[in-house]
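Below: the structure, in structure tokens.
In this document, chain identifiers A, B and C correspond to the written order of the chains, with residue numbering beginning at 1 in each.
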Amino acid sequence: MFAFGLGLATRARDGALLDVFYPLPAFQPDAGLVQALGGAAAGVREVTDRDLETLARAFADAGVPEHAAVARGCIGAHGPCVLTVLEVDGPIAHIAEAYLKLHLLSWRHCLPNTLNLDGIFAVLPNVAWTSQGPMAPADVGEQALRARVRGDVLKVHAVDKFPPLLDYVIPSGVRIGDGSRIRLGAHLGEGTTVMHEGFVNFNAGTRGAGMIEGRISQGVLVGEQSDLGGSASTQGTLSGGGKERISIGESCLIGANAGTGISLGDRCIIEAGLYVTASTPVCVLDERGDEVRTVKARELSGHSDLLFLRNGRNGRVECRTNRTAVELNQELHAHN
Amino acid sequence: MFAFGLGLATRARDGALLDVFYPLPAFQPDAGLVQALGGAAAGVREVTDRDLETLARAFADAGVPEHAAVARGCIGAHGPCVLTVLEVDGPIAHIAEAYLKLHLLSWRHCLPNTLNLDGIFAVLPNVAWTSQGPMAPADVGEQALRARVRGDVLKVHAVDKFPPLLDYVIPSGVRIGDGSRIRLGAHLGEGTTVMHEGFVNFNAGTRGAGMIEGRISQGVLVGEQSDLGGSASTQGTLSGGGKERISIGESCLIGANAGTGISLGDRCIIEAGLYVTASTPVCVLDERGDEVRTVKARELSGHSDLLFLRNGRNGRVECRTNRTAVELNQELHAHN
Amino acid sequence: MFAFGLGLATRARDGALLDVFYPLPAFQPDAGLVQALGGAAAGVREVTDRDLETLARAFADAGVPEHAAVARGCIGAHGPCVLTVLEVDGPIAHIAEAYLKLHLLSWRHCLPNTLNLDGIFAVLPNVAWTSQGPMAPADVGEQALRARVRGDVLKVHAVDKFPPLLDYVIPSGVRIGDGSRIRLGAHLGEGTTVMHEGFVNFNAGTRGAGMIEGRISQGVLVGEQSDLGGSASTQGTLSGGGKERISIGESCLIGANAGTGISLGDRCIIEAGLYVTASTPVCVLDERGDEVRTVKARELSGHSDLLFLRNGRNGRVECRTNRTAVELNQELHAHN
């Protein structure tokens, strides 16, 4: 079995599901867990309080008390409770599957770009995320009026297909300055700090510790000990720009207000304020500072130990390394 | 009649109005709607539950059941209910007028820069927008203490003259990643997505669909199918910089961390990381890449089919087009 | 006595303190206030309702009714009430001391960089800031499940060591577009507007009026009448970059998407989009526009009346002044 989750869902007034919260999603569950599910068929089904009691006992018998606690905790829920079982990692056909995969990413069970997320935009409805919980956007007006009449306010935090991570998962060992800027489905490695200016999309994130004050676009993965300065940009594949998926290696620094349209290897630096796009002509300098040759930045994609800067004297974009001209030439040729 | 609205207001402890929520503002109402108002004089007046019942019946008789529903829905309100009638689009003299015009913009009844907003800063009080609703900032301290004592928290989202759009209006067909960054009075065209990094001021926005990950300053209007990359900046007329009002045409792309101090026509691109101010010297290149001449960027304001970039080899700001040198010269001369 | 505060604290389920809210912190209290404390020893101690009654009477007798009101207001509190007394401004050893110092900064009793904040990161726990108040991050999962089951939602705004300013202090005469981006411990001078894109860290801020649409990093202080454009960056001492503490003088403008790694004197401008790091080579021009010489930007740190821009014709970073070449040369020599 690929994954399963027991979750609490919210319904719109027309009955459509708006979201599912899985307190403890299971990835590649072992035989005991699978047996406790009692041969539940793949797919999404609603479970009753009686089902939950049965599941709780089965989980307890299987020696997984934390799952038993979740099943018991869901008994008597205000909204529908769903059991989602995925035998394989196929395309997404149901909102409950989408939410389960987003949870798997944020629980660090799976790295970004390792899950089949085909169809996710189609199954996720656009939701108003309010102080009274998820709502269909069309229902907000009436609820806002009612709240006002009784002297209350309805706060609408966002209208989006994806909710904020922190309302569903609190990854261990992270700090997040502004939870409204991290989508559920973000993968934040242990030790990650995302400052208030940082942003992390779903299916994107960090492998381990790092200081993120910039934007990690969908599909982008940042290695350990790498920092993104304030407003630093990584080009994603969803909007504008590139078709290539970008990754950032370990111990990199993308300076404040800088950006990249290419992947970086390890120990790379882009100086503050410089945006390197894939087609930026870059003058490569060897360890002595002598010019080796000028290439499009995309030819440097994924290389390590590079320092990108714009020469303040002549505006030229330069890439400095700690290698000799001969090594550099070989490396660049090998890449052609 | 220019506009009217039936709204629910909030009072500070000293009796001053703090805001008005209009569930269904009416722009250039037809004769039936005007008649249902029963000759209500221009201006702002408080209405009683009895008035609301009369209005509800009149609206129902006039065949506008959605307005009747609002009038009925306001009956019994915790706070004051106001009827605001604007015969003409004059300067703003009352907070209830200011809120009505902000609603008209966000309901897409009026485009940015088409309403008389003179006086809006003077009539709008600075308000603490809290989890208990709008408050005078000076009243927050005591309420925060009381909330704490009873084991509750008073969350203060902002202290500002303008509230967030989504707490008053949910425009159809939009997605907004972080509602705290869009002010009431923003005009978001159908199909607009404002990502978490996007910002839209009042009296600013989009005509139609578009992906907004940058900042739309007061007075700036963005055409259909145009994208603003992450942290992209458009210079407004309120703070710093320009006196000229900027507009962005259709199918433009302002790259991530880029910015503009000039207007763009249609199909223009500013590459990621380049900030074009009105006084930036720009080297204009024809379709063959040959230099035509160097002009201040403001001379290119509003032109179409331009690609702005900074040459990575020599730091020169260039503007490339798909026109010949002769056409370009004529165009630039015509502009002088 | 250096400072004292009577505050309401929140406990995690394991008994640890998570935060302290001081409704009226006292800085360098006069003899009457000190006497009213009745010889309370330096340190942090919990006070009972009886203690609060005694304190309220003593404060009233001492002629400080606003302190008496706070003491009375705390009676019957849901959580613990603490009295924190600091005889001197020593290193921070207790969370209640940390919160008191953060309050002193935000109440404008002390300017950034004037308090001993050693140890603050060690004593501040990482807290989940939720719609139900502060929680230990590990406790959120269960509370989120319970909230869902009863048809409610638990909103988690942030997971951070520092809470938002506005949930603890509302400085007079400020506007803050998005409260989630200003940490408690920020010092916002009277007349400061922090727009939605602005960010202010603890121990950082403004001396007086100003329009802040950019980021004020830890340790950075901005003078009166200075503006930071949208996404403007000031390099802090905590992450990446510099070891030098940056300050910005009066009447400066850092343009949108610009940034600085050096201090600015008064009346300086950095044009939109230009990032000046300490090591940027800058060509200094005199009042006639003639080149004086090229220096590293750090040599210009703290100087007044400078305009930094990147020449659009050749990509060179230039610094223009209103001084003659002779004056400039002397000034730069004096700095060596």
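The rule is simple: contacts are C-beta pairs under 8 Å (C-beta built on N, C-alpha and C of every residue); 3 or more make two chains touch, one makes a residue touch a chain.
From a predicted model like this one, the values you see are computed outputs, not experimental measurements.
Student: Between subunit C and subunit B, is it the same set of residue numbers doing the touching on each side, over half shared, or a different set?
Tutor: Result for this pair: different.
Student: Only C-alpha atoms count here: how many degrees separate subunit A from subunit B in terms of the superposing rotation, rounded to the nearest 5?
Tutor: Going from subunit A to subunit B via C-alpha fit gives 120 degrees.
Student: CA centre of subunit B versus CA centre of subunit C: separation in Å?
Tutor: The answer is 30 Å.
Student: Of all the residues in subunit B, which ones touch at least 2 other chains?
Tutor: 131, 157, 180, 231, 257, 273-274, 310-311, 314-316
Student: Help me check something: in the complex, which residues belonging to subunit C touch subunit A?
Tutor: Touch residues, subunit C against subunit A: 126, 128, 131, 137-138, 140-142, 144-146, 148-161, 180-181, 183, 199, 215, 231, 233, 235, 239-241, 257-259, 261, 273-275, 277, 280-283, 294, 310-311, 314-317.
Student: Would you pull the subunit A residues touching subunit C in the complex into a rising list?
Tutor: 8, 21, 23, 70, 73-79, 131-134, 157, 164, 166-168, 170, 172, 174-180, 196-197, 211, 213, 227, 229-231, 253, 255-258, 271-274, 310-316
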